[in-house]
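Chain nomenclature is as follows: A, B, C and D, assigned in order of appearance, with residue numbering initiated at 1 for each chain independently.
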Amino acid sequence: MEDLYREIIIDRYKNPQYRGHLDPHDISFEDDNPLCGDHIEVTLRVDAEGRVSEARFDGKGCAISQASADLLIESIIGKSLEEVKKMTKQDLLDLLGIELGPVRLKCALLSLKVLKAGVYGLGEASDELVE
Amino acid sequence: MTLDTLRIRQDFPIFERQVRPGVPLVYLDSTATTQKPQSVLRAMDEFYRRSNANIHRGVHTLAEEATALYEAARQKVAAFIHAADARQVIFTRNASEAINLAAYAWGRAHLKAGDLILLTEMEHHSNLVPWQMLAAATGASLDFVPVTDDGLLDLDAYRSLLTRQPRLVAFTHMSNVLGTINPAAEMIRLAHAAGARTLVDAAQSVPHLPVDVQALDADFLAFSAHKMLGPTGIGVLYGKRDLLESMPPFLGGGDMIKTVHLRDFVPNELPHKFEAGTPAIAEAVGFGAAVDYLSALGMDAVAAHEREIIAYALERLEEIRGVRVFGPPAEQRGGVASFTLEGVHPHDVAQILDTFGIAVRAGHHCAQPLHEKFGIPATTRASFYVYSTKEEVDQLVEGLYRVKKIFG
Amino acid sequence: MTLDTLRIRQDFPIFERQVRPGVPLVYLDSTATTQKPQSVLRAMDEFYRRSNANIHRGVHTLAEEATALYEAARQKVAAFIHAADARQVIFTRNASEAINLAAYAWGRAHLKAGDLILLTEMEHHSNLVPWQMLAAATGASLDFVPVTDDGLLDLDAYRSLLTRQPRLVAFTHMSNVLGTINPAAEMIRLAHAAGARTLVDAAQSVPHLPVDVQALDADFLAFSAHKMLGPTGIGVLYGKRDLLESMPPFLGGGDMIKTVHLRDFVPNELPHKFEAGTPAIAEAVGFGAAVDYLSALGMDAVAAHEREIIAYALERLEEIRGVRVFGPPAEQRGGVASFTLEGVHPHDVAQILDTFGIAVRAGHHCAQPLHEKFGIPATTRASFYVYSTKEEVDQLVEGLYRVKKIFG
Amino acid sequence: MEDLYREIIIDRYKNPQYRGHLDPHDISFEDDNPLCGDHIEVTLRVDAEGRVSEARFDGKGCAISQASADLLIESIIGKSLEEVKKMTKQDLLDLLGIELGPVRLKCALLSLKVLKAGVYGLGEASDELVE
């Protein structure tokens, strides 16, 4: 019944594993969803081979936005930036393991949007990054 | 309860629906849009099956029937708000378009740089953005009646803002977030004494309270059918006759003209002058049926029913630790309760409630400045109407306890 | 016949109706508005019975279903006109509002005193008055492509008017009086070569012909659902993406914003930027069903059917002494025939035909300047659609003989 | 079946009894219905007691507008101007003896509107005269 809020989401929301801010960092980006006040910042360190060696997120907002950020950050450590650029909406939804309507999708995708905007070095996080 | 909700609910086919197998619908989102009774759906269906035709210019039977039905709906709506004359009822798409109509046609003709438009901090975006656009276009300036911590308008501040001689005061009759019922008649009296015109955003009041535009002495008043048992696609701008007469047209096209030559036109008489092109004919017919339904219940009874429900809801919500309800006590509000639950984002509250079939809204409810004022990005909102029951309030409360447990 | 009208007519409940006892309906007024198939009525009814909710911001199941249905309808309409992207389809109340949207939001931002807007003499009031209003507001001037005695646009005159470098060419794809199908692709190509933007009034073409906005290369294109089997209360403005992006908003309110503060707002992305307030949700759902119905028939077949009917109608009408049909031969027109009958006013023609159950329109059909051009105040108009039959043409002709006899 | 077009209407349309223009006259007025091109002019002579001694109409348009003008003019000869001012929509419909939808009603009422505007000495014929 509460499958929409799989235990992992509540768990990651309450006990995030990758919450924090890296200083120094190689990449950072932040953005928010003004509709509901969700806010996500990511900071990354990248090694000589162009792989994510360390990563953290910080922010506030609903369980979906925060848990998806935590799961996303976990999943990219060790990946190359090229691999991160290729990540899709579906990859993130697979991490979450739940289905989401259009409104909540925005919450879930905020972290991916922020991450990709940072990795691409864009000035602005556009919805098209996660379509 | 004042209304026989058991009988009423049988008129609404959607309550037969289960949100998911075994999970009945608990619809607590009537402030966003209401459900529709059988009689409204039947009136529209019947229109399309029997009398569908374009109106006003047709000589054939169907066109005459359609015209008569459309204009009869206007009469019903006019009577419902106690307009002196049905020609003062302009059909628009929704309350938002109605306000824009006033802002474009009256505002651009009458306001100039330096003129003041007075709004309030509790306005819906639809009663903010059109005036921001008008101010940007004309150089008029905006000011705002503040909202107190209790969710009331600060009427002392209002009086002192009026000394700055605004040209227009535009305010909501009932807040869609706080539920606050503003003292519209008194506010209009003060505005008129200060030489201002008034526009009442009645999107939440006409559906929920007896509204008499003549007793209010409102210059303009806007509302939507879909929030009062009627269909989407139709709303109303009511206006005083002399004002509407003096305004230039807004949208140009078929039906709003008396004569057209290649290079000029003569506008039609009221109300047609402001209804360009084929209007929402079937929707007007449905709107008329909605007004009939509400009139049969009686708007005093509707308001009393909502007062009972909201009093009970406030009482029950306040017993939940961590719940903070915004807005005034039950006596000063309609059937809306917006709240936060400590430690849980409103989106999560709404989504978990949805798994129990409970439909509430989460967000800023198109009143972002009001939420900024209270220092929160979003609230969860439960809202009630003629078909709402105390059992549904209990289900909401039980749902909130379960949300707390999940996040506990 | 290309279409199986016998089967098609069974999909339209209104044909069960008798206009008066014993007098079946012969509906020849589809240019004004079309009748609706069962599937369209069912889609809307089903929406209200199962999924009715306000859209876009809701987290609960009904709101998500309603949003998905509304946006799916936009996708269907976009695919129907071959738009590159559904975000280019803005839902309005009707074609008239769509043209006004372009005139206000694009026109007031881009035109200035002395700029030329080029129209034609065969425009519907809805594609005249908005530009007259825009010209009055900006100081732009208007000129008109003349109509020949055959009811065609004078394309030589068009070419020479283009040398005056109009900023905008706005013209009807198909005349609602003459039936003339204008060479839109060619006219747009010439307009673009002359540096002008284009707006196509497609109120009569999208319902009756295959229309591909990308092949046409139209900058703006406007039409109404109610003229293509869909409900009243909804229409479309299609626009090129860059144009729509560059335009300021038109109506302000809920849903058309990204963020709102007391004194300013940031507009939303396309298409929402131009859809203020609660849209015509159920109507969009019905519109989607209408497009499904037409797509299943195939627009090539629809056009071929109408060509057959109009060819037959012109042939039969011309055999009546005293009848004068306006407009070009069947190959150059859609299913519309406007005519006069010597010695009998069109109103009398229409009213006597109505006594036989035949619904035709009489008047200037919202094209007064075109009637002035032909030196007549009014015509009688018979118009056809997917459910029209040759037998109905025969009934019209028989009716006209009886009119003649009465006035004989 | 053709009751809507009672014989009297076709007859009066084809053979009007009061078509013409009085010169000199005491009262004259004209107006039209731009929707369909109906046009009506009336000219009246008034005697010393304020009664209509002679009256004519002229114009063009549909059978309803022309026949109703002819019947109306016939009915007012001998009436006082005060009586003419009191004439209502229903009086005219009684003369025609048919029922009319809103569009055709305008055709029928044009002559009454023109007549009353003339008798009241107004500058403009308003719909309210015949409501």
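Assume a residue touches a chain if its C-beta (ideal position, glycine included) is under 8 Å from a C-beta of that chain, and two chains touch if they have at least 3 such contacts.
What you are looking at is a predicted structure, and each value in this text was computed from that prediction instead of being measured.
K.L.:
If you average the Cα atoms of chain A and of chain D to get two centres, how far apart are those centres in Å?
P.N.:
Measuring from centre to centre gives 80 Å for this pair.
K.L.:
In whole angstrom, how far does the Cα centroid of chain C sit from the Cα centroid of chain D?
P.N.:
Here the centre of chain D sits 38 Å away from the centre of chain C.
K.L.:
How big is the gap, in whole Å, between where the Cα atoms of chain B centre and where those of chain C centre?
P.N.:
31
K.L.:
Got the chain A residues that touch at least 2 other chains?
P.N.:
Residues 34-35, 103-104.
K.L.:
At least two partner chains per residue is the criterion; list those residues in chain B.
P.N.:
57-59, 61, 63, 259, 347, 351, 354, 362-363, 368 - these are the residues of chain B that touch more than one other chain.
K.L.:
For the protein chains shown, what form does their contact graph take: line, ring, star, complete or other?
P.N.:
Here the contact pattern is something else, fitting no line, ring, star or complete shape.
K.L.:
Strictly by the criterion at the top, what is the full list of touching chain pairs?
P.N.:
Contacting pairs: A-B, A-C, B-C, B-D, C-D.
K.L.:
Flag every residue of chain D that touches chain B in the complex, lowest number first.
P.N.:
The contact residues of chain D facing chain B are 34-35, 101-104, 127.
K.L.:
Provide the residue numbers of chain B that touch chain D in the complex, in ascending order.
P.N.:
Against chain D, chain B makes touches at 56-59, 61, 63-64, 67-68, 258-259, 269.
K.L.:
Quick check on the complex: what are the chain C residues that touch chain D?
P.N.:
Chain C reaches chain D through residues 344-348, 351-352, 354-356, 362-364, 368, 376-378, 406-407.
K.L.:
Using the touch definition from the top, list the residues of chain B that touch chain C in their complex.
P.N.:
These residues of chain B touch chain C: 13-14, 16-17, 19-20, 25, 27, 29, 32-33, 35-36, 41, 44-45, 48-50, 52-54, 57-63, 93-97, 99-100, 103-104, 119, 121, 124-126, 128-130, 132-133, 142, 144, 224, 226, 231-235, 249, 251-257, 259-265, 276-283, 347, 350-351, 353-354, 358-363, 365-366, 368-369, 372.
K.L.:
Which chain D residues qualify as touching chain C in the complex?
P.N.:
Contacts found on chain D: 1-5, 10, 14, 34-37, 61-64, 103-104, 107.
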